[in-house]
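First chain written, first letter: the chains are A, B, C and D, and each begins at residue 1.
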Amino acid sequence: MSQKTDMKIPALPSDKRSSFLARFGIWIVAAIVLAGLPYVFSSGLAVSTMCMMGTMIIFALSYNMLLGQTGLLSFGHAVFFGLGGFLTAWAMNAVAGTSSPVPLFLFPIMGGFTGLVFGIIFGAVSTKRSGTAFAMITLGIAELVSSSALILRHFFGGEEGITLDRTDMVQVLGLSFGPQIQVYYLIAVWCLISVAAMYAITCTPFGRICNAVRDNPERVRFIGYNTQTVRFMAFSLSGLFAGIGGGLAAINFEIMNSAQMGVGESGAVILMTYIGGIGNFAGPIIGAIVVTYLQLMLSDVTDVWQLYFGLLFIGMVMYAPRGLAGLLALQQPLLQTRQLHHVAPYYILALLPGLVAISGLSMVIEMTYQLAVKTAAGPAMVFFYIPFNANSPLPWIIAVILFAVGTWLFLRAARLAGDAYSQALAWRKLP
Amino acid sequence: MTQTKTPVPALRLSGLEKSFGPMKIIRGIDLDIPAGERHAVIGPNGAGKSTLFHLISGHYQPSGGSVRLHGDDITGIPPQLIARRGLSRSFQVTNLFPQLTVWENVRCATLWALGHKYSFWRNVERLADARQRTEEILREINLIERWNMPAGVLAYAEQRALEIGLAIASNANTLLLDEPMAGMSHGETEHMVELIRKVSENRTLLMIEHDMGVVFDLADRISVLVYGEVIASDTPERIKANASVQQAYLGTEVA
Amino acid sequence: MKKLVASTVLALSVIGASVVPAAADNIKIGYVDPLSGGAASIGQIGLNQLNFIADTANKNGGINGEQVEVIGYDNQINPQTSLVQVQKAIDEGVRIIIQGNGSSVGSAIEGFVAKYNRRNPDAHIVYLNYGAIDPVMTNDNCSYWHFGFDANTNVKMAALTNFIKQRAEIKKVYLINQDYSFGHAVADTAVSMLKEKRPDIEIVGNEFHPLVKITDFSPYIAKIKASGADTVITSNWGQDFSLLIKAAGQSGLDVNWYTYYAGAAGGPTAIKQADMAGRVFQINEGISNLGYEPAENTAREYGARYKDAPVLFPRIFNTTAMLFKAIEAAGSQDPADFIPKLEGMKYASFSAGGDSFMRKDDHQLFQPLYISSFGPLASDKAFDEEHTGWGWNKVGEIAAKDTVVPTTCKMKRPG
Amino acid sequence: MFEILFISTINGVLYGMLLFLMASGLTVIFSMMGVLNLAHASFYMLGAFFGFEITLHMGFWAGLVFAPLIVAGIGMVVERYGLRHVHRHGHVAELLFTFGLTFVIQEVVEMVWGKLPVDYRVPASLDFSAFTVFATTYPAFKIFALLVSVVIFLALLMVIRRTRIGLIVQAALSHPDMVGMLGHNVDRVFMLVFGVGVALAAVAGVIAGPVLVTQSNMAGLLGPILFVVVVVGGLGSLGGAFVASLLIGLVQTYAVAFNISLADVFGSSPLSGDVAFYLDDLWNVTVAQVAPILPYLLLVLILIFRPRGLMGTNNR
């Protein structure tokens, strides 16, 4: 295969094993980061939050196997997360107290197995169709499962759910898994394994055919593949990983509840995945981290955090359909050619009026909220440490001006930044 | 794929029919295409040429008649099964995987025939056979320089070439090309003719084409489709001379 | 993107702020209930009341001279989020958790707190539950670190059936409840207790319908009508209650309604719209029009401050009053010290000063319960509900001792 | 028995027509634009709240006219500055856009009208009982809702069969590509169609508001039942949605009337041991208990066995 290589051809892909470091470097770095995180963020809250993020990363990535990789929009993914969690909880309760030698860190396998089994069952039904019909079937299945969960009170534990005690398992290496930090490392290890496995799947013939199905399902049939089989496999595998995530959630919270497989949870995973970016493998990871963080923390800052959330989501759908990861990926060519410093000032230029516009908008929102909902507290309020009276016209005028001027300047600056960006790209193309 | 002349034709259509509601689009076509032949289907717009391709490749279910590929009945079976039997096709309207790179496009099309199927345990980058085959095809269709571009951003003529690449990637022995020259400039057409000539060596080729120069240049035999019926099927010279063809279709266009 | 940066900065600054320790000896109460989303209207009322109580206490010099500080944590009525919020509260030095909306959340917190205290022997976190009334919490799943201040399902049903026992005109009872554990618990105890106390009553229907999935209750009303019932017992809440009552009003169903949650948000409005004066009864730990001076003064003061939502939950006042009493008696705000004082505590309830006691065996409060009906108020009663002009009128009172039910709790005490 | 059947039929028809009232706009939007508007119930809620607010100041009938107009205006703005922008990113992006819209609308409603139910009453002119059957009274307002629903159905049928826009809708149904050939007008037609669709939702809101509970979570609580209606009927088919609404209304109402469980039919559970303990709940559940879940079962079954729905013409 030694043709004369044309100078103009970018180096072709090779089928040789790349060096150890190139293949595993990123995973080693990830492992080191995961190991070190609890030393940086050591409070109980931080560790709990990171545990939740870990399970959500697996969940969101598994969802992206459908949405981002195969182009399937499902409204019922939490079903697998929840069922995986419940079966894990039951398995642990069955083993608890007995002398059965199954250590805690193997139990997520039960969750994964459950997710896979139900993925196969529901996948056989739903993947016969694609597009809107598929979305509607998943919606129907999700409703059926969450309704059954309330009817099957003994299995799903009714309203209070199933509780478990992770410390009742046989102890290996002296790990009781009582302290949250030990659970953190358990989740970190499983998260790393699952992420690596899901990444590996994207690099297989099956993974690439999934992408082809996403892009053009009709064409795939003419290159020999059954699109229904591809969808079915993707659905089952994503059920497997969602189940692992659910199992870890059960271990982490030591409680499984039917709300965990409801519409809300399915909606949350859509938000995470999309905000993070469906076109990029790392997107859902970023999304899971950011959205989990916002869900937990934003509510401390404002009572109407869901409004900001909805606006953020709509903004992403409209202006950044590739998500946060997509925005970052746009900078990659600049970084490679060391052009970023030409564009970065424009970003800052756009960021400042953008922040002004947002503070104007959120001022309007918060003042409306103060007057409409928190009437009991009176019109006196504090915004950004500045106390004022929401009844007087002045803050309203300021807010509107901030918003209008900020938006106007932002749009102008954004255009400049866009120009700078394309210019920087153009420089790259010059010899 | 050595082409030993066998009495079994590569493709045999017998009494093939297709109706949409009351409309009969294809009205009983009988046609044999021997292995290794380059066969062109011509005919006026609305004659049912693309419908015929859809029937052969499994996109549509025939209303009547049968399709045989190397003697095996493939009537009405799904497209992927037909593709696996070695019949591959391109589309009149560009029909690629726009977000995937040129390289990925072609490689996806090679995978089934190389036996990798739905494998989700092997790293696709390390499949030497797929890599090799993909590179071969990209050199053959002259897109090697563009290998890492998303297919969606290619120039039109390049996308048409990639269409051909997808069609031949599975190493199919029977190739259906639906208007490969549509919308191309003169120079681009010449390249495409050379490409088709090259890829149809050792293959059976059935193509739809409007450009008569191309048709008479490439085809061993030509079938004329008018209102869902084959009114003539013969060598280019005889077709040119055929009075009913001239009357029904070619008119004075043929020089 | 920009928005995200902004909110992250905001959120980070809040975390940063929380690192700064507040005055170390404040009595910190972590209120973990919904403060955003649909259920927030109820959660916010609870927070308002705690703030009101804390301000009152601080004005009078605090508890043991220490200031009371209430911190709200939004759990979005999700059990898992609740646990993270409890963790957050613990990080911020809170050792008293108060929660009351949703038994799913309550059970999750009860289990979490018990495990947390076991695994961290130095930490003593107490969970004061003012409203999650799944009986499991003070029975099979009872915990030393949990106290239930609202009458649980069984207790309420015991009281309700004691009331029904004396009403001879009740002959045919229809049960309609939401199809989940709570609804089933209510229905099951209703069946068994009615059978025991009034064997002559015929239970003509025992219906379950899916939770918040019904838009049109008229088929159920048709069934109740066909059964010939004169009384309906329901534990429905929220939309399921409002729609049920409105559908009954529209089709002219002539029965009396005994309910758990007619007084919850939206209930009074629906009853008024259905024009069912005097037909809807509720059982709870107190209403506004009992004519008990201290309670009415508090209610007036509170109503003046929170004009928009003057709803009062006596159970929250009971909770905090008993908590403060215990802290004062123990001279310590460490739960390990004041829990023994809370156990078995005798107390005059907020609503009308009736005798109440906290049972030591299962940490369940027993208090006088009131049956009241909703309709136009007598001229001497001042408090209406949801601006309807109608209010709750007392029709019966069950003393604490008549509400006692056995428990299956086997309390594990530390040490 | 006859009594309960008769009453159930009336109740089923009334409920079915209410469903159709709510779902008609959804099917109009889908048939023309190919967008399944997940925020449809949110516009329905907006209709109810605007209806309530206008009723307070100008009376119910003004609300019935103006609330849908206001909501139509909001809808057109949303289409013009939001949905159209997203259109080029494909159907998934459109679905997600409307999904995000549900959050925003709910929060805005909460901010303006609070989280507690508002006291939205049946107008005095319709607050009497229309007739009484078997001692069950039927309020005139419900009959009014039924009439409005039928009128809307007939009017939409007329528009689709007789007018130019109707022709475009029909063309869009059978040949989605053809719509593009109609030139620059399509944008305006889309905007109009979206406006009309959400206005129909608002009409449903104004009428259903007094009957049901007008509250900021009413959109969420309505749940995905409207999607069941349009999908079961056949995506984009108005007649199908009409039939499906009636079917679902009747199925649900009849099911409530029957207290039959598997245990009643087949005797006590064949299972034993631990499995029985957990699954007996399912064995003992009655048809009446699961009545509101039946539509979802219907949805899944229809999509598997008759993907184009009861009366759908295509199955995109």
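Just so we're on the same page, contacts are C-beta pairs under 8 Å (C-beta built on N, C-alpha and C of every residue); 3 or more make two chains touch, one makes a residue touch a chain.
Please read all numbers here as calculations on a predicted model, not as lab measurements.
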| item | value |
| --- | --- |
| Chain labels contacting subunit B and also subunit D | A |
| Of all other chains, the one whose Cα centre sits farthest from subunit B | C |
| Of C-D and A-C, pair with higher C-beta contact tally | A-C |
| For subunit B paired with subunit C, centre-to-centre distance based on mean C-alpha positions, whole Å | 73 |
| Centre-to-centre distance between subunit D and subunit C (centres being mean Cα positions), rounded to whole Å | 35 |
| Rounded Å distance, subunit A centre to subunit D centre (Cα mean) | 31 |
| Shared-contact residues (touching 2 or more other chains) in subunit B | none |
| Set of subunit D residues in contact with two or more other chains | 114-115, 223, 289-290, 293 |
| Multi-chain contact sites of subunit A, meaning residues that touch two or more partners | 147, 151, 153, 304, 306, 311 |
| All chain pairs that touch each other | A-B, A-C, A-D, C-D |
| Contact footprint of subunit D on subunit A as seen in their complex | 67, 71, 73, 125, 128-129, 131-133, 135-137, 139-141, 143-144, 147-148, 151-155, 263, 267, 270, 274, 304, 306-307, 309-311, 313-314, 317-318, 321, 365, 368-369, 372-373 |
| Subunit B-touching residues of subunit A, taken from the complex the two chains share | 1, 3, 6, 8-10, 12-17, 200-201, 203-209, 211-212, 214-216, 218-227, 229-230, 233, 237, 279 |
| Residues on subunit D engaged by subunit A in the complex (per definition of touch) | 36, 82, 85-86, 89, 91-93, 95-97, 99-104, 106-108, 110-112, 114-115, 223-224, 227-228, 231, 235, 277-282, 285, 289-290, 293, 296-297, 299-300, 303-304, 307, 315-316 |
| Subunit D contact footprint on subunit C (complex, rising order) | 38, 40-41, 179, 207-210, 212-216, 218-223, 225-226, 239, 242-243, 246, 250-252, 265-266, 269-270, 272-273, 309, 386-388 |
| Residue ranges of subunit D touching subunit C (in the complex, touch as defined) | 3-4, 7-8, 11-12, 14-15, 18, 114-119, 121, 129, 132, 135-139, 142, 210-213, 215-218, 220-223, 225, 252-253, 256-257, 288-293 |
